[in-house]
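First the structure, which I've put down as structure tokens, then a few questions once you've had a look.
Chains: A, B and C, in written order; residue numbering restarts at 1 for each.
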């Protein structure tokens, strides 16, 4: 696909360490009161000194390896000097000339084919605090600052401008998220865990940078808006300036951030309070710790379980779902398991807007195995199985107990016959019966419905239909 | 405080011969009568409370090496619950919620904090004249400066307003006031003492260090504050409990300097006032009498040291001081303007002129287009100077030179011309560039004004300069404070 | 000499508002200080490595162990302006 659009992404992902990058504050701040996860270091109090979290370094190296990058022998932290209320020291400790790694690559699916998106670099840096304002950033009278987030370790992943459309950008981010979660260093369900800055240019225009994108949908929207904005300018023979723009999530637009006359100059220099760290020696052991990643797992699922590529993709995007599937498929027919997890279960999760992680508080692989086993043996119908899944997701409980309580056990042939007799003999249904016998085959649907109602859904619709057809044929016979 | 040592005070308090409460109260009375302006903040109520507690429970405190000793703390060192201002308007009212590591160490050993001493604003100065709280006066002549930037600490010890003190030294800020005030001051090897809690001026150059009336007390204080600290990633962790054991070492070696080889660098004697040069040579001859030997040497990169030092210090400072914006602590103005404007006005009002000058120069030295010419170049010169010192200190045990090129100058004499003030640091800054330990001991007097002898040794060889200084001190007592 | 516009640009980068008097004095003083610094230009340092850390330490890291943070009150104690649990600052634009 030829395109004049060039998009590069700078992705910042929060790492799941227990303490912050440069101080021992706990990192579980997401639902906490403001300014309750801070200390002299991450608050920027004078005199406090940073100290590097070894686990954050390990995690960042793993990310670099999983993205196929060349890990560097030594890393050095630098100061990036600029001023903003959420930056407590007036500089951010980040990496500049000596990052964790360079030159990696991620494959994504695009328009029926595969594309390689090059990774320019991977490095470690600290998250700033959070700025809150009533209203929008350009109209608020005050700013409010919460430093709980200040100092959280971020791995920054920078791509080359290889992405050709907003949709590709979203696909890339999904892939990246998947890889990071597989590594166990990232939880995409946490609010603000992944933030993206995008660089976008069209042929004939300068590059605009869009900051403050914090959702996957936001990326597509922000970039679509930008492309439209830039095309409009070019169409009117106006120039697209090189500038920084802020993405407003609520209004779905980008606003120019240029408020000053002079350009910013970050005056990077090595952080004097930290020393260089040699990391080459950690690579072999960390490489060995990397689990099977999404692409490999997908390929294996197709071969090992003989499932379709579509199912394999749906099952491997989220590591929890993939693990869940394999646990179930070890006991139940893999193809059946695939359908019930990739299509049915995922559908129920989407409908309820809950994550697999949340679902697993109530639904275990064992529970799912039990349900599918009852289905395989004909103890419950497909509809019954669905009811059990929904009940567990909504209210918890165990499959056998639910089947009993809701009387979902499939009925016997005798009960079935009895139901059919009852429905056919019911005066209310004579009209439908004669319609069917007269040739209106849709009338059968009504009768099937009546049997289902009578049996309270415990009958298998297909069976009901064929038994009814037989009964009516014999009756007319 | 005249002629009494820490050992004597601690022994007296432990035995009950000295009342800690009386000692501490006496100090506060003295401070009240004084016009020296050594202190910005006094810790009177808590200190006296502590002194009473010490007197009551002294049997339980027998292991504390600084029990009841009154200590003055430079106001660039964070003290929990006590206002810490760096002598700047921009930090008015700032009370740290934590103690610097050195303060924790002092408290463990039972020392009593008298108060926070005056200094040049953010350590930027050589005379304590840039302080927002006015200058400190030299106890030997109230019309003259006490030196800087730890002027308040050195003057307090000299005047008996504390027994010992902590200062910090980035380019001479402990040694200079020690020299001008006639007391002993030591700048440790870079990386010996934890900087956690020291409000940073130039992180790659500075160290917290001890000031006292005699070398042994200085060494003991150094030992206490050298506690290992995981929170400072630039601190070397030497084996054994504390990072040093100087008192023990010096007890062992005694004060023997026979065979000590001294290097006397001629560049350090250039441009020095004749009375200072004479006094320092007398000291060197004294060492000869004691069995040491000396040779004249030349360190040719020293002429670049001052420029390199200031570029590095100002660059780091411009970044270290960026956090002072009135949002989380300090000065705030009531303005209805946007963030950048408000922020700039607060800093314009809160910082003194010297601080502004250095921030501007430091920002300039780091900026696009100038980084290679200034900051990077200075760091390369630093390499050359460091190598040259190391070579000299392989050939000689210690180097000796004047601490300052002159005696204390008059208040107001140099402050209008910043460059002339910078040039006064010419003998002290090279040592910070090389990261080496250095001590200043009184070696003479001129018209009642003290002269300081500076001794320098190799990295983590504090024992050599302490030993030599102790030998010199016992043979040639200059002041009885 | 250092030009007035350069001083203004640097003062912006450093976010320090200078008054007229300061700008005038700085033009002269900074100029002579920078002249003094130019002594470094006469030395050829080709091939010399810069010294960022004078003691040569490397590989210093800490274990990933959380410790008790400050309380919200302690964190906000020195705040000149606050709004509930937040630090309050001026508007952005």
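Here is the rule we go by: a residue touches a chain if its C-beta (ideal position, glycine included) is under 8 Å from a C-beta of that chain, and two chains touch if they have at least 3 such contacts.
This is a predicted model, so every value here is computed, not measured.
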_Chain at the geometric heart of the assembly (C-alpha centres)_ = C
*Could you let me know which interface, A-C or A-B, is made of more C-beta pairs in contact?*
A-C
*asked:* Suppose each chain is reduced to the average of its Cα coordinates; what separation in Å results between chain B and chain C?
replied: 22
*Approximately how many whole Å separate the CA-defined centres of chain A and chain B?*
56
_Rounded to a whole Å, what is the gap between the Cα centroids of chain A and chain C?_
40
*In chain C, what residues contact two or more other chains?*
12-13, 15, 52-53, 57, 60, 62, 70, 75, 87, 89-93
*Could you tell me which residues belong to chain A and also touch two or more other chains?*
40, 43, 51-52, 83, 85, 143, 145, 259-260, 265, 267, 272, 274-275
*Hunt down the residues of chain B that sit against at least two other chains at once, touch-wise.*
94, 97, 204, 230, 233-234, 318, 322, 325, 327-329, 338-340, 343, 363, 367
*Once bound in the complex, which stretches of chain C touch chain B?*
2, 6-7, 10-19, 22, 25-26, 29-30, 32-34, 36-37, 39-41, 43, 45, 48-55, 57, 60, 62, 70, 74-75, 77-81, 87, 89-93
*Sites on chain A touched by chain B in the complex*: 40, 43-52, 79, 81, 83-85, 88-91, 143, 145, 259-260, 265, 267, 269, 272-275
*For chain A, which residues are in contact with chain C within the complex?*
17-19, 24-27, 33-40, 43, 51-57, 74, 83, 85, 131-133, 137-147, 259-262, 264-265, 267, 270, 272, 274-278
*Would you tell me which residues of chain C are touching chain A in their complex?*
9, 12-13, 15, 52-53, 57-67, 69-72, 75-76, 83-93
*Tell me, which parts of chain B touch chain A in their complex?*
77-78, 84, 86, 91, 94, 96-98, 100, 195-200, 203-204, 230-234, 315-316, 318-319, 321-325, 327-329, 338-340, 343, 363, 366-368, 371, 375
